[in-house]
Structures are given as structure tokens and as C-alpha cells.
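Two complexes are shown next, each including chain A; its partner changes from chain B in the first to chain C in the second.
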Partner chain A sequence: MSLTLKNVSLIVDGQTHIYDTTVELVPAGFNILLGTTLSGKTTLMRLMAGLVQPSSGRILFNGDDVTGVAVQKRNVSMVYQQFINYPNMSVFDNIASPLRLSGLARAEIRKRVETVADLLRLGPFLKRKPSALSGGQQQRCAMARALVKDSDLVLLDEPLANLDYKLREELRDELPRLFAARERTVVYATTEPSEALLLGGYTAALHEGRITQFGPTGDVYRHPVDKQTASVFSDPPINLIPVTKTGERLQTSHGANWRVYGAFRDLGDGEYELGVRPHHVQPHDGAGDGAVIEGRVQVAEISGSESMVHFDLEGRPWVSLAHGVRAFGVGETARFKIDVDHSMLFSPQGETVATMRA
Partner chain B sequence: MAARGNSRFKWIVPFLYIVFLMLPIYWLLNMSFKTTNEILGTFSLVPQEFTLDNYRAIFTDPTWYSGYINSLIYVCINTVISVSVALPAAYAFSRYRFLGDKHLFFWLLTNRMAPAAVFALPFFQLYSALNLFDTHIAVALAHCLFNIPLAVWILEGFMSGVPKELDETAYIDGYPFWKFFGKIFLPTIAAGIGVAAFFCFMFSWVELLLAKTLTSVDAKPIAAVMTRTASSSGYELGLLAAAGTLTMIPGAIVIFFVRNYIAKGFALGRV
Partner chain C sequence: MSAKTTNQKAWLLVAPVVVLVAFNAVIPLMTVVNYSVQETFGDNLFFFEGMKWFEEVLSSERFHDSLLRQLQFTFIILAIEVPLGVAIALAMPRRGFWASVCLVLMAMPLLIPWNVVGAMWNIFALPDIGLLGKTLNAMGFDYNFTRQPFSAWATLIAMDVWHWTSLVVLLSYAGLSSIPDAYYQAARIDGASAWAVFRYIQLPKLKHVLTIAVLLRFMDSFNIYTEPFVLTGGGPGNSTTLLSLDLVKIALGQFDLGPAAAMSLIYFLIILLFSWIFYTVMTRGEDR
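Up next is the complex of A and B:
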């Protein structure tokens, strides 16, 4: 089953929510919509489901135009960030409800509900009301309802966002296995780059109502087409600094400079913007060779085995995700080393001109 | 230790409050078991000559008990109309945005602000012209004027507490709108419907002016019967007290069923 959006846009009350978008989802694949809040992930999903009609453009299922077709007839299922279940029905009836509507035989319904319930470890709770379940169980119930139906398209809108850490890890491991087992297209929205990387598949980066890039998740991560995609795919946000390339050297406006090689060397001289993800900026104690920069520390937070060091680099806010616990004094000048192998260069217009390597 | 001393007397305020609250009701009950002579002649905390004659008179005299039946009929009609009309209206207010929706919602509420006396004359004229004077439906419709806005307001609060995603999930599962509305949405807001019905019932039950203006014989409400009896055959205080006691019973029954839901209504910021 394939889903294609052709020049789809959505304008509500004169405000553009989705700009002209053309994308063909990978059939029977795991498609991830990655973007910050308000980037239009949910809106795009609602368009795919048919809950809202696009202002212009067409939506194709297997090549058939379904733009005006009611959501009831589209054979999709959806799981929301909030735990949405029918509060007046038992867990069993909740899961069975899409099957009952399609008019299946009772025995068949019972069999399928029980299979799915076992898969999601809801077996012992089938007689309970959703309100008597824990948050994780409620979300699993919602997922079971989406799974039990043989839908062509499954939309998962940040399904793990409201769950606690442990449960999220657990369900995240199970998700691709649960949904990718059959021939259906899965769309998964998330705000977290790490989640997209863990789930794999294909990723569409969304920024303010536009899909900036769509491709295999690893490719989008390693070779973002522009600055926006790179910052969507980085948490904390990607570090940026203007640099000048002269010959084989890159130089910041304050004089820090280093020799370039590989993809960077082949570029013409001129003004660029350098982008480095926070975990590729590490505190540096040694001598000043390579891409070493100096910044004034503003905040240093320690989270378990990592330290997040916010510092000011030539007027730009930079972040370093340093390995291990590092102590920094506020206002102290510290040296950091950029992992040049994982940096990228953007043109002044924001397009990616070179990425170093995989 | 001061705290413990205080807590020992904590019951006093609620106790006094309840005593003062219950006193008139007790006195009514007390009177209803006395003869009119005893009521007028002596002061007694409990009936000296306990009698059920007052109640017997009400349950055997059609001019009395038909008052209750009439009241119950138009109150029930009104409750059914108000809630069933308010349900789709409240759904629209909670789920859709349309031109002037907020103004319309406020305008609905303003209907509750006008005194019933304002509407008495136009209603009397209107229902007479339509040959609806002295019918149950006339009173039921007249009470819709303030009960529908109230029901819309209460139900809108409950409905807005249900996430829109529930509707969408149901559509995605394949529910047509009406099936969703009946099988999922209404059960979900059952508490709200109970609260709305209760308030419609109570307001219609206690409203006197419109009910009295729009009826003469066939649909005369109990409250009107009570006022008339007081003037025609002197002061039959025992009988009136018994009638008053009986008037409180339907409300007490209804409130018993919705008592838990009303607390929920308060929690949702409505009622």
C-alpha cells in the first residue's frame, strides 16, 4: 500500500499550516515524521488520515485519488499522544470495536482480539475499563485497537511522549516489530532525533509546515540537505558559527582556524556557516592543534554520564555534550575541540554544501 | 494542643448550619401531621393529635392530586425536550467554530437573566392565540426558555472535557457520526446529561409564575393549587403543609440519583 501526497497544502483562516508538500511514503515501511512541536506533524497526519481536507493538492492511496473520501472509508488507524480509548467500553470491546464495525464473525473477532491483546500483554485486563488501567496499559490498548484492524496505513502521533522513560524504551523496542510485521505503511511522528535514529526506517524532517528532506533515516541524519533539517535532527540544537574558507584553512571571525581536508577541501573559498552537533564538541585540555575553539561557559548541567555545557562562542550560543562528569565554573573560559570529521558546512542561504562523512 | 482544642468544636458550625437549614423543613413536616386547629391553637414541637387526614385528603381529592400529576407531566416533557435539544447544540458549541459562536452562547445565557414575569404576558397571549392555553405542552415549552440555555451550558462544559481525538479515533475506526454519538459520546458524558436533566427538572418543578399564568384547570400545577386553596376555604394549614411536604419529594428523589454527578459538575467548573 502506498501513500502519496501531491502538492498538498493546508491554509486555515489565512494562516498556512502546511506549505505545498509532495511526498511519497515508502510502502510497507516505517516512515518517521521528525519535527519540533508546531512543525505540523499532527496536521500532516490528520491530512493523511482524511480528518482534514487539504486546501489544495491530492492524496493518493495506491494511486487512487482519495482526497475527498471520508475517513471511515479509508482503512487507516491512528494512535494519539493522549491515551484515547472509549471510556464506556471494556478493553476487549475497545479493541474489538473496529472489527465489529467491519462485520466480522464473533468467533473471529474474539480470536483476533485475544491474539493482539497477548502481543501487547493486555490479556489479563480485557474485562477492565480503560480508566482502571495504568497510562502505559491505556496506550497499549489504543495501539491494540490500531493493530487489530488490517489497515493499510497506521498513523502513530507521538505515541510514547506521555509515557514514563522505562515504558517508553520498552514500547519503542517493540514498535517496529509490532507494526512492520505486516504489509502496511507506518507513519510515526516524534520530536526526538534519538527516537528517529533508534526506530530507523525513513525520516521526513519537518520545519514550520514544510518537509525539508525525506529519505532513509541514516542519510537524513548524516547528510541533511540544509541547516533547518540539520537543526531538526539535533537535540540539543546544532551549533552554528560563521567561518571563512581560504585555501586549506577554515577561520572563525575571532581567528580560531584549522586545516581542512576531504569534502571541505574541494570547496571554493568564501563565507560559510559551520554546523556541529553538540556531542561532537568536546572539552579539550591539550595543546591547540586542530579545530580548537575557546568559549565562555554559561551553564554546565550534569545528567548521569554526560555533562551538557552551554558556552558562548563569539556571540553564538553553543552546547557541548561532554562525555563524563565535567566541572566548569560559570564565566570561565574553556577550550573545546570540534570533531571535524562530523561537521558540515552550509552556504549563507542555509543549504548544505559539504558534510564530512558517515 | 490548641489545634486539638479547636478540632473538638469543629462540628459546631456545620451542626448549627444544618439545624437552621432543617428547621423550616421540620416545621413543615410537623404541621402536616397536625390538625389545623392544633396549628392555630397551640405551640408544639411534635404533633399532639397525630393525624394522616391531611395526606388522605390530598390522595383522594382529584383537585389536589391532579396538581401533582400535571406538574410531573410538564416537568418531564420539559426535561426531555430541553436535554434532547441541548445535546446537539452543546456538541456544536464544543466542537465547531462558527461565525458568532461565542456571542450566541452568551446570548443563550442571557435568557436566564430576564425575570420570568417579563415573559408572562407575551407567553399568555401567544399560547392563547395558538390554542395551547391550559395544556401541559404550553408550560413545558415556556420553561424551555430558561432550561435549554442552562442545559446547553452544562453539557457544553462536559463535552469540552472530552478530547476531540476521541471523536476522530471513532471516525478512524469506522464509526459513522450518529453511531459514534449514540454509542460512545453519550455514554461518555452520561454524568453531564444527568446533571443537566436534574437542573431542568428542578427549575421546571419550582417555577410558579409561568406555570400558573399558562394554565387554568386541565394543566394546573400543584403550586398553583396550593395558593388557590389557601384563599377559597379559609386557612387549611395542615392540608397545605402536607401538600408542601409532598412537593419536596420528587426533587429529593432526583437529587439522590445525581448526587455524585453534581460534584463532578462542580469540578468541571460548571453548574
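Up next is the complex of A and C:
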């Protein structure tokens, strides 16, 4: 099924929640809405579902205008961040509830519920109440309710956010497989760039109520159209520093400079802003060759196989996600090397003017 | 060894509470137990009587009558206040200015002391000068709570409903407010009716607060004393002599300490028993 938003906007009490948005989701594909909290992911989903009516614009399902159509007539299902199940119904009744409302035969309901329950490995728990299930099982039960309905559009609103790490990984692996087999459009909201990359599909980056970019996930990640998209698609936040390009060299205001090549060399001379994701900034012990910078270490956190080093670069907060466990003294000056092949340049207006990796 | 030391310290810490509970609950209760098995004369003369007073109270028609009245009263007000309270809570706005206004209005009756409520309604319902009483009579209803048992009962129930429905409302409102919006959205996506939303989302989520509401209202109404006392002193005749009124009449009016003590204990056990039954029934099938 294809879903198109045409010039959709939402204004509540004089405040704009969603700015004029036009987007055509990929039919039968996995569409990811990536944005920080309050960027409008949930609002956009509620608009798609029909739980909220847009202030202007139209919403098309397969080309039909459904803007004013009530939510229960749109054949959508939705899974929430909280585990939403009917508390006093058994798992079986929970999964069966959307089918019962559509008036299906008893035997058919049983067959469908059991198929979906097996798919989601809920088979042994059908007689239990949701509260007697683990968090992951409760969320699987909610997903089963969404799956059993055979709806054209499935909206998953941060479904894994409230699960612990292990369950999240497990369910994340299952998700694309569960939904891929069917001819339905899936929309998946998340705040985590890594989750978007793992799930693949298509990503719409959201920033303060605007879709800044929509395209295949890898493309959006590698070639963000602007600084905002690049920030949304980086966790920890992308490192930024103003640079001046003169001839074949890039220079920071404090004098660190290096030679550029490829897409960067072809740009005209002038002021730019350099963007590098934290894992493309690594501690550097060797000589000052290439894009080497010096910063004052503020915090160094060690998490297993990685060290997160926060340092001050010419007054800007920078982060390096260093491989391995590194010891840094707070306050000491350390050298880092920027992986120029993975950096990008933004114009003073915030548009991307060059990315290094093609 | 160390475990023993820890235990001793723990006793020290709970000691103040033990002393407090002993003075305000255990010792008075034991005094009542003491009275309940003895015949009391002036000059502090006591004679052991065993179970005599219990047998007397349990077989007395007077006790049966007031217990029956008490049960009637309690079940009538529960049957009115609980559904009415839930209905009002459902109808109240969830947020905004009017939500606050409603909450303040609802909280108001709860702030008024029992005897003031009694006095207020007494004057309000007087057939000759009270606003309610006079209006009712002017409309052709023969209403006089000092003479007709039915009028007295109606006034008493109206008074209690007016005073305490708010408690159920506030508890239910809090319960309803704790239901995440996502539940209602999910129900809308499923195409569930308003009744289904109430039956399968709101009611199950209200179960715990309703258990508390019913228990509180049951215990409170079973102990009701001030309102009927202020209204008619248990009259007309004995028609509104509920258990606690009867108890006070025996204990202080007639100074029959033995039967009064026995009755107190029976009264206490009845409340305990009913509360336990309510609690068990309402939390039955609870998810483990």
C-alpha cells in the first residue's frame, strides 16, 4: 500500500507541531522516522493513522484521499512504546480483539491468532494475562495484535524503547523479517541512529517538526543534505568546527590545518563548517601529519570496548568515540586525528556542500 | 551473633510505634474485652460472667434490628455512591481550567466536619423553615424527617451521598488519569465502542482504586454516628438508630458496660469480616 502526505501540517493552539510536509512512503517497505524526542515522530504517526486531523494538506492511501476518514475505517494498526494490552483479557483474547470487532468466524479467528502467536513465539502463553508476561512478551503480544489484523499500514512508535538491551536486540532482528513477508507499509519511529542503520529500509530524518530528508537509510546516513540531518543521524552528536578553505588547505581558526582532496578540493575558497561523527575522530599518537587537532580533555568514559572522550576544541565541545580502552587525564591536552574520508562540509547556511565518501 | 545484635536494634527502632499502638489500640481494646466478660456495679465491683453478654447481645432483637438497619444503610449508600462516583469521574474534564474547578468543587464536601454536615442538612431539610423541606412540601410531597421514618432515611442517605460521593470521584479520577493516552488511541484504532473502552480498559484499570474506595466507604458508613445523631438522634422512634447510635445508647445512656463492650467487639468483628470478604472478592482472580 502506498501512503502519501501532501502538504500536511499541524498547528495546535497557535504552535506548529508539524511544518508543511510532503512525503511519499515506500510501499511495502520499511520506513523509519528518525528524530530526537519532540521532533514530531509520534505526531506524524498519529496523522498517518488518522488519530489527529491535519490543519492543512491531504493524506492519500493508494491514491485515495483519506484525510477525513475515521481511524477505525483506515485499516491501520499501531504499536506503542508502552506495552498496550487489554489488562484483564488473556493473550489469546488480546490478539483476537481486532478480529472480533471485524466480525470474523470463530474458527477463522482461532486459526489466525494461533498462526500469529506462533510467529511471535507466544504460543505457550495464550491463556495467560498480559501482566503475567515479561516485558518482551507483552510487547510481542501488542505486536501480534497489530499483525493479526492484516492491515495495510503498520505504525511502530519506538516499540523497543522500553525493553532491556538484550530483548531489544532480539526483537530488532525479528522485526524486519516479521513484517517483510507481507505486502504492507511499515513505519517505524526511533530516536537511535544505530537502530535505523540496523533496520535498513528507508529513513526520514525529522528535526523540529520538519522532514529534512527522506531516502534509503544508507544514503541519508552517508550523504545528509544538511547539518540538521547529519546531527539527527549521529549519536553522540556530530562534531562541528568552523574552517576556512584556502587553495588546497582547510584551516581552523586556531591554526590547525591540513591538505584536502577529492570533493573538498573542488570547492571554492571560503568559510565552511566541518562535520565529523564521533567515531571518525580517533586519538592520535604519531606526528602531526594529516588532519590532526589538539583539544583539552574534559571527560573520558570507558564502556567496554570503547572509550568516549569529551574534549574542548577551540571552544567547541567535541567527542571522540575511541576504539579500545584509553586512559586520559582530565584537563590534559591530547591529539586526535580526523578521518577526512568520512567528514563533511556545510555551508554557513547549514546545507551540505560536500561529503567525502561517495 | 551479629544477626542477633541486628535484631535487638530493630526492636529498639520499632519500640515507639509499639508503645503508641499499645496505648491507642491494644490497651483500649483489651479494656473492652475485660468489660465484655464481667458484670459491673458501682464502686468498681466486677463479677466474671463469661460469655453471658455476648449471648445476650447476639440473641437480642434490638441488636438484630439495628444491625439490619446498618446493613441496609451501608448497602444503599454503596450502591449509589460507587456507580455515581465513577460516572462523575468519567464525565469530568481531563485537563485544563475546568478540570481544576471540578476537582476543587469535588473536594469541598470532604473538608466539612461530620457534625456540620448533619447540622447543615438538619436545617436545610426542616419542613417549616428549611429550603429543601419547605420546597418539597410546597411541591406537594408530605415530607417531615422528624416524623416519618422514610423521610429521615432519605435525608440521611442524601446527606451521606452528598458528603462522600466525592471521595469515590476523586479516587476514580486519579485512577482514570493514570491510564496512558495510548490505551485510548489503541482502542480507537481497533474500532472499540465507548462501552468496550469502559469495560475493557477503564474498569480493569480502576479495579484497585475501586477496591480501596469500597473498603473506605464500607468502613466509614458502618461506623456512621454523627449524622443520624445530629439529624434526629436515631428517630423517629428507632428508625435511624444505626449500630453505633445503639451502642452509645447502651453504653452511656443506660451505662450497661458489659453488654456495650460485648456489642462493641461483635461490631468490630463484623466490620473486620465484611472488609475481608470485600477485599477477597474484589481482588479475586488477581494476576499473580
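Rule of thumb we're sticking to: the second predicted complex is superposed on the first by the 357 of 358 C-alpha atoms of A that agree within 3 Å, B and C clash if a C-alpha of one lies under 4 Å from a C-alpha of the other, contacts with A are read in each partner's own complex, and residues count from 1 in each chain.
The rule we apply is simple: contacts are C-beta pairs under 8 Å (C-beta built on N, C-alpha and C of every residue); 3 or more make two chains touch, one makes a residue touch a chain.
Computed from a prediction, not measured in an experiment: that's the story for all the values here.
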{"item": "Side-by-side fit of chain B and chain C on chain A, or clash", "value": "clash"}
{"item": "Partner chain in contact with A:L313 - chain B first, chain C second, else both or neither", "value": "neither"}
{"item": "Chain B versus chain C as contact partner of A:M48, first or second or both or neither", "value": "neither"}
{"item": "Contacts of A:P98 with chain B and chain C, given as first, second, both or neither", "value": "both"}
{"item": "Which superposed partner A:V71 touches (first chain B, second chain C, both, neither)", "value": "both"}
{"item": "Contacts of A:N88 with chain B and chain C, given as first, second, both or neither", "value": "both"}
{"item": "Partner chain(s) touched by A:S131 [first = chain B, second = chain C, both, neither]", "value": "second"}
{"item": "Intersection of the chain A residues that touch chain B with those that touch chain C", "value": "46, 49, 51, 71-72, 76-78, 80, 82, 84, 86-89, 97-98, 101-102, 145"}
{"item": "For the chain A and chain C complex, residues of the former touching the latter", "value": "46, 49, 51, 71-73, 76-78, 80-82, 84, 86-89, 97-98, 101-102, 129, 131-132, 145"}
{"item": "Complex contacts: residues of chain C adjacent to chain A", "value": "180, 182-183, 185-186, 188-192, 200-201, 204-205, 287-288"}
{"item": "Complex interface listing, chain A residues touching chain B", "value": "46, 49, 51, 70-72, 76-78, 80, 82, 84, 86-89, 97-98, 101-102, 142, 145, 149"}
{"item": "Chain B to chain A touching residues, read off their complex", "value": "163, 165-166, 168-176, 184, 187-188, 190"}
